[in-house]
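What follows is subunit A paired twice: with subunit B in the first complex and subunit C in the second.
Up next is the complex of A and B:
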């Protein structure tokens, strides 16, 4: 009897947590359909702000920047991170100690520290060589840097989860090194790669701090645009953008989850 | 398997496969002999896996590497497959030295202990993998898969998904995947160890039958001496990276060369020899007459008495050794009865076939007849 009360209490706690996490998102989504220009009173449903959004050149360009940044950086991070993950697997028996810490570091480092160091680095490079003016290229490099550890760890954990005999079976069955990569390794880790790609994509779309420090005047992404816009006050237009972003990130996150679930099977 | 051309057809090769490679393959229907000379292998600084192995395996032989875990048998198999490189020594298959040939260029295939079926491929594609990597055209691959499925009697398993197979089914697919490549030598790394006893017995017989039908050289690794005896033409018993004895199952079982081999083959009745002459030995059992023809040069060592050679009760035939013992334990095994006897304060095991004779009861005093010809001297 007592146990059941406790369980019910924990259930309530679970629902409270969910409400706490998701209610603000729901509020933003609801108000994005508000017909009035108010964040306080909901007067009626309309798509007015979404229409306004589509007419706003700045927003569209920020959206395009976000997509280019997210897709390009994710693809590059996927290639490099995959190679690193495989390298970590191949040499897992060696004592890699501090090298592994270096891989993890970008994950735990505060974004603001990461962003400032990237900015300083790019400024110095630009001053010395004239290349890498702040803009979409520097943002891509910065994003790739923080995405790589995630990709590498996902790929590594997939390899570690495999029966080591599989690598030997491929050799034994006449596969040359390239054939092993093409016909055994890549198909085997495909779910991990897809999951890593969508995770990278989500991280990139989501990022404000690092983008902010490495962006140039023409390369504002959606989060940077929003940050600029809310200085003039929160308009329902921002709510509409936020709602679209919630949707995009949720889709990418769900895809990442689906592929990582398949990977574990 | 029917004869078929294994040479890659350059005209119809599937894109994405490498060019024809010089795989060490002679006539596919001809089994190859194996010749190992002075193989050494150590892992790290201290672990010696192989400590000078010389071994010749005949073409078409079912050869078993037998020993406890860590004896070096798996390392030896992996060196044959090319998955491990020896520190010293040479390795020939047929008349070619393949010591430095990488695994994907050896006409050697392995059935792995874990089966190692590719999870991303269907059963059909698993079977065809080796052929595909060699650049064999699709039509020939299809024909070969059908042929092997028929030969191993896979039935509808070919259409299943790898993750829907039972242990026994995986084992058969792994075997078929290796056999389909028609290698000169097939290596089997404890392929039956993960199966339950009934299925294991069935597959032991089937493997042996397949080997005899193909006439292929099989090298089989196991730690189970019963399995080794049932299946093999010859057995090599390994310990500490050294081959202790090579021989047919009956040679190794009936005439083990040393105490390790004797114990590993399951013998319990080993008695330290205290004094000996040409035709007798003294042990804790007392003095026993030996067949002089049996004598060995070693004066010290062990006396081996196989439990099934002992005769309990009744008259002791002329020329036989006579012992007196007390039954301490009786185990009824159905087809046979095992007795634990005490003779002069030491334990002696005896096994009698169950022929409906009167059973000896615990605490019975029995006479034991020991034929001198059945006593075997074993080195320490």
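Up next is the complex of A and C:
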């Protein structure tokens, strides 16, 4: 009897927490359809803020920048991180403490310190040599730097989970290391590569602080644009872009759910 | 004979080393050049003198640390000290609140049917996939003047009429709790899922009161998860920039804002770099302390993030 009351209380608490978690997102979504220019009063449904988005050059270029940044950095990080992950596995019996420290560094560094380090470094390099002007290139470099560890750790843990005798079998089957890589390793770690790419992409899209400090005047991404718009004074257009971005996340969530249920079966 | 085998072995060693070089070097060099060197440079900047436009100059000095401690041209002012104390306080309060909310939630998920659990976890995590700026913007909408929440606070007498609930320290705490809740639920859930129920059963068989059974049979088993969650919450909370910037205003500033401001607007790179060093020290003390405690509890592996 007592146990049941506890369980019911926890259930209520669970739903309250969900309200807490989703309320800010729901408010943004609801007010993106508001016909009035107000964050406090909902006067009627309209799509005027979405129509405004389509005509806004700045937003469209910010969207393009976000995509170019996320895709390019994820591809580079996938290649480099995959190599490290495999190297860590093959040579796991050696003392690689320095490598572990190096790989965990981007993860534990507070992102404000991360962003400012990169920014001061790029500014000084640019002053001395003229290369690496703050812009999309410096942002890509910074994003790859924080994506590499995640790719490496995902790939490494996939290799650790494999039966070591598989590697022996592959050695007998294929003569050259390249053939082994192409026909055995890449196919076996394909799921890990996919989830590493997906994670890198999400990390890039989700990042604000590091992008903010490494960006140039022409390379604003969507979060940077939204930040600027909030600082200038709240406009309902922000609700509309934010709603589209929340929608993208919702689609990703559903996809990952389907993916995980499929894998279970 | 022995010679050839030696030669073979050394050749194999060379091949292995070359393999290590080819696989590990690109990433290691990348992180070294684009993160270790920049951070080392930033550390160095903290010990330089502030030149025109706030850029660092020679000679070396400890001036920036003196400035960080509050000593300026006009004597000592407590502003920076308040900012530091506020960062510590906000970290402490928000981490505690996150624990209080996440603990029952993580437990509740483990009591539900197995097929629902992945969905429940996903539902908790999904809000944190949306961009931090957007999430914080959502709270700005909720706490602005004229909204139901602000109206409620006004009628209770918490705030003056026509004021919003932000900018305020309360709004920053709320934003932090909101932001970091999933990071605590996940490791706690993992701990609850592995919970050895035989211990709880034993406690009940020995007529332990529910409270005693909880403290002696359940709580110790969830400590590793709690510690991992604390690392994931407290360290980034201490260095938070976005939330205090949007929800805190001038009187809600935290260390992250103090540091960031020195690289924009009123620039003073050495002062900002000194603040960054402080943040790094706090981070590494936090990590080290958690590892020590984690090792003593014997559940060390979860604590290593």
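Assume the second predicted complex is superposed on the first by the 245 of 265 C-alpha atoms of A that agree within 3 Å, B and C clash if a C-alpha of one lies under 4 Å from a C-alpha of the other, contacts with A are read in each partner's own complex, and residues count from 1 in each chain.
Here is the rule we use: contacts are C-beta pairs under 8 Å (C-beta built on N, C-alpha and C of every residue); 3 or more make two chains touch, one makes a residue touch a chain.
Here the structure is a predicted model, which means the values were calculated and not measured.
Novice: Touch check for A:107: first (subunit B), second (subunit C), both, or neither?
Specialist: second
Novice: Identify the partner contact of A:163: answer first if only subunit B is touched, second if only subunit C is, both if each is, neither if none is.
Specialist: A:163 sits against subunit B, while subunit C stays out of touch.
Novice: Given the touch rule stated above, what does A:215 touch, subunit B (first), subunit C (second), both, or neither?
Specialist: Neither: A:215 stays clear of subunit B and subunit C.
Novice: Applying the document's definition of touch, where does A:252 land relative to subunit B and subunit C: first, second, both, or neither?
Specialist: Touch status of A:252: second partner only.
Novice: If we overlay the two complexes on their shared chain A, which of subunit B and subunit C does A:175 touch? Say first, second, both or neither.
Specialist: The answer is first: A:175 touches subunit B but not subunit C.
Novice: Counting only touches as set out at the top, which of subunit B and subunit C does A:226 meet: first, second, both, neither?
Specialist: After superposition on chain A, A:226 lies in contact with subunit C alone.
Novice: A:116 contacts which: subunit B (first), subunit C (second), both, neither?
Specialist: Only subunit C; A:116 stays clear of subunit B.
Novice: Residues of subunit A touched by subunit B versus by subunit C: which partner has the larger set?
Specialist: C
Novice: Identify the partner contact of A:153: answer first if only subunit B is touched, second if only subunit C is, both if each is, neither if none is.
Specialist: A:153 sits against neither subunit B nor subunit C.
Novice: Touch test for A:140: subunit B only (first), subunit C only (second), both, or neither?
Specialist: neither
Novice: Looking at the complex, which residues from subunit C come into contact with subunit A?
Specialist: These residues of subunit C touch subunit A: 16, 19-20, 22-24, 26-28, 30-32, 34-39, 41-42, 45, 101, 104-105, 107-108, 111, 118-119, 122-124, 126-127, 129-135, 137-142, 144-147, 178, 181, 235-236, 238-239, 241-242, 246, 256, 259-260, 263, 269, 272-273, 276, 279-280, 283, 287, 305.
Novice: Would you mind writing out the residues of subunit B in touch with subunit A in their complex?
Specialist: The touching residues are 16-18, 21, 23, 81-83, 102-105, 108-110, 112-121, 129-130, 132-134, 163, 177-178, 181.
Novice: Looking at the complex, which residues from subunit A come into contact with subunit C?
Specialist: Per the touch definition, subunit A meets subunit C at residues 7, 10-11, 13-14, 17-18, 20-25, 27-28, 31, 39-41, 80-81, 83-84, 86-88, 90-91, 94, 99, 102-114, 116-121, 124, 141-142, 144-145, 148-149, 152, 202, 205-206, 208-209, 213, 222-223, 226-227, 230, 234, 238-239, 242, 245-246, 249-250, 252-253, 256-257, 260-261.
Novice: How about subunit A: which of its residues touch subunit B in the complex?
Specialist: So the residues of subunit A in touch with subunit B come to 163, 165-166, 168-176, 178-179, 182-184, 187-188, 190, 265.
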